[in-house]
């Protein structure tokens, strides 16, 4: 076993990395936890927990408008987090970064405000067949309200987007395209740059759901030319309950405000309320100050390793995992074999994913089973769900080996 | 045998298996042994959808007692379903309506009974009780 | 000086309590921090920080639907928090507790969903002249959209609600009443029970903004008979970015969903989506798991002291503060002299609040200055803002004395 | 005196006051001494609203230079306004447009320049630069 060699990939020393994540030392039923549910939520490095502690212990205060020092400190850290996020995805301006509760809220914000101002009866919103419910239901809601239509780009049996179908459905009626960068259930990487290009050729704005992508792929919103991009803090080593909506300044200025309240206004009278400038126009109420600071610390943590190193290490681990899993008897990968990242969905032919998941859990291996909030994908493949192992750079090859053994035990027990 | 006697019997049986593997193997064996439901009753109407697995349940009311047959697409759920059927089937509506199912917890499968797991088993139990209550009301009317 | 006697009030040993709040040991410009900005946000006890740490270190996982043990543990803690909140405000059912980002989002949720289904052209929504912007702007937004009217119950020169005016404005056109329990800028306690009774006599639902009340007054939603009640975690010793919407089951079932996404659905197809049961119908996306657990810990912490003890101690401290402040030369209280809680707003006659606040800050005393997100209140009193000292049970009489001295120094310097 | 010379002079002056109280007393004195703006110019149009305090600003363009007068309703802001006016008034549009105001930071009142404080002073500085840019464009046209 070349364990040592294997575990230093692209300059990432996995054992050292693992020691940054306290939860990874947990035992489940007496066995060391093998955490393969990273697509659902990532674990948090000590650096993030320390940043939260530090905030609450030393400078917790409500931000903005405070005359006192504590409030100033909190505000600076909070706005500092915005700058970190802007830099991480290369936004042109800090005020293009809107703080939300997560991907779901980010998408709802865009759907609701875009629809209110721009969506008319008979218009079309275009999504894909592999979207997460969070990129389906908000559009269903607004389409229903506005008597608009939701159209769906089809996928093939490898779980890949059919670009022909996209081209065909990109009619003049389409007013918005909302598409995931990486599928959370299939692992597919979509050609979002190409999609944006073609949509822009028809002056149609595009939202990229980067919930899965942002933690595994380098993202440059200016290079992508995305109009909107959404992701969640909790999936990228940050705290729960926090997320990001990136929007092009031009678009954010065009959209009406979403929620009303403190922070998002300049002046309020009962007759007339003047909304605040970006980004505050979209940030009503006391924000999640600790959440912002925690996400900022997560980005610092990523940068301390170098995101390219992390992504490279993940790529190699994924390759190892795909090789190992495809060698398991009766295992069928649901999704593409190449051009993928993050999640690996599969079925043990003849066995219900729920049974497989439960037997893996008893061996300390945490996977997710079910539809992964992408029921239409399951319907497309006519399956009740999949077993999904989703990887992070703190996972090891040894853990993949355990998964393979665990699956063999499941087959033995269930067979 | 009362409902609780049946439950206690299962708990005793499981005490023989200290290892989780053995417990699961036993449950799986139960699942495989029992052809639980007549094909004609595996209908849409009899389906109970959990988030993870589906359960089919068919009740028959005879001589003041309810007889259940059931099935599930997930094997472990099916094994548990088999045990629940064993425990509740052939009891009176009142006994079923009042029954507290504790054996699943005791044998270490409590997550199957947690509402947050939202799998088919819990929904099946609810449905069984609903049937029991319905038959109870019906018998009282008669 | 009877410091010891003074600082054990209603069984609350202030020095011991203070040691539970790490931030209170901070120094500002070399002086011990005197934190009187509690109405903006409260400090957090170690118990809350420990609960957050514990979650992230030991059982961080995405909740619901997870087959693995970690997810089960997280789900149980998360739903346990819901039960704690339900018990704290005496909700009839746990599923009447909706987790939101804060008071602002809670109010927006109700305003948007109520308006979508029930608000028609010419209808009236009734609020009061002392509402926080978060209970004004959401209603302005929906009234504008629906061509409905926002009417405002007047206040008198003591900052008290004019119940005559309420009676007069409670016409048949009123479809919703939304009112604050306690004013954040004036400290006024409103007769919300009476307001609810009168509104219900006309079948009009009422939302209570309890952002300030919940931390200073016992709340029993069943006794109040409130239809909706909103508050924020961060103002009641819990984490930032989390909040509560209580809604009567009946009302929550009547309202359409707010945001769409994961969690809030039962089944999704592109043709038809079935929404989930309460409370999940209103909780789209991965929730703020740590936020819920943190708020739960905050409630445990309050209960460990006994909320009645805390409120009693606060009452006595407030009395002491009112006496001390009204003895300051040229100090004018903005708001009522009795029947008040929490915030004390005042002006040093002849001086701008901003100047006063800044000089207090330099002495380590954190107050808030400005309009406190209640501009209409300031407009009513024709003042640019106030200085607001807002108290918590961890504040001491000694700190009040420091504030008085600090104000005298400010007068001296500015005068 | 250039803008930076003026700023350095203020910084030097403040170095004499090690205590925050003395600094503030000095600023407040400045505020009180200077009747900054002619009453006729304290108009709605000349008002700059901060979240906390208001500032009035009036520019005059003479002999290629901009002369500012200003006022504020908050005393400390007014003192700072007085200093900023001292630093920028009477300079050319280009010098004002290019100026970097660092003295407020240096004398320990940086929060007055932080955008998140959103008080009138920062808005005033922005407005002064806007005037400068406007006059610059105008001179270029002529």
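In order of appearance the chains are A, B, C and D, and numbering begins at 1 in each one.
FYI, a residue touches a chain if its C-beta (ideal position, glycine included) is under 8 Å from a C-beta of that chain, and two chains touch if they have at least 3 such contacts.
Note that the structure is a prediction, hence the values are computed from the model and not measured.
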Please work out which of C-D and B-C is bridged by more C-beta pairs in contact, and write that pair.
C-D
Matching A-D on over half of contact pairs, by residue number: which of A-B, B-C or C-D?
B-C
Rounded to a whole Å, what is the gap between the Cα centroids of subunit A and subunit B?
39
Distance between subunit B and subunit C based on Cα centroids, please, to the nearest Å.
46
Report the inter-centroid distance (CA atoms only) between subunit A and subunit C in whole Å.
31
Could you list the positions in subunit B whose residues touch two or more of the other chains?
51-52
Give the residues of subunit A that touch two or more other chains, as numbers and ranges in rising order.
29, 65, 67, 69, 267, 354, 358, 369-370
A full list of chain pairs that touch reads A-B, A-C, A-D, B-C, C-D
Residue positions on subunit B within touch of subunit C in the complex are 49, 51-52, 111, 114, 116-118
Subunit A partner, complex, touching residues on subunit B are 20-21, 24-25, 28, 51-54, 73-77, 119
As the complex stands, subunit C meets subunit A at residues 22-23, 26, 28-29, 33, 35, 37, 40-41, 43-44, 48-49, 52-53, 56-62, 65-71, 101-105, 107-108, 111, 116, 132-134, 136-141, 145, 150, 152, 232, 234, 239-242, 257, 259-262, 264-265, 267-270, 273, 284-291, 354, 357-358, 360-361, 365-370, 373, 375-376, 379
What residues on subunit C touch subunit D, complex-wise?
29, 351-355, 358-359, 362, 369-370, 384-385, 413-414
Given the complex, residues on subunit A that touch subunit D span 63-65, 67, 69, 72, 75-76, 79, 267
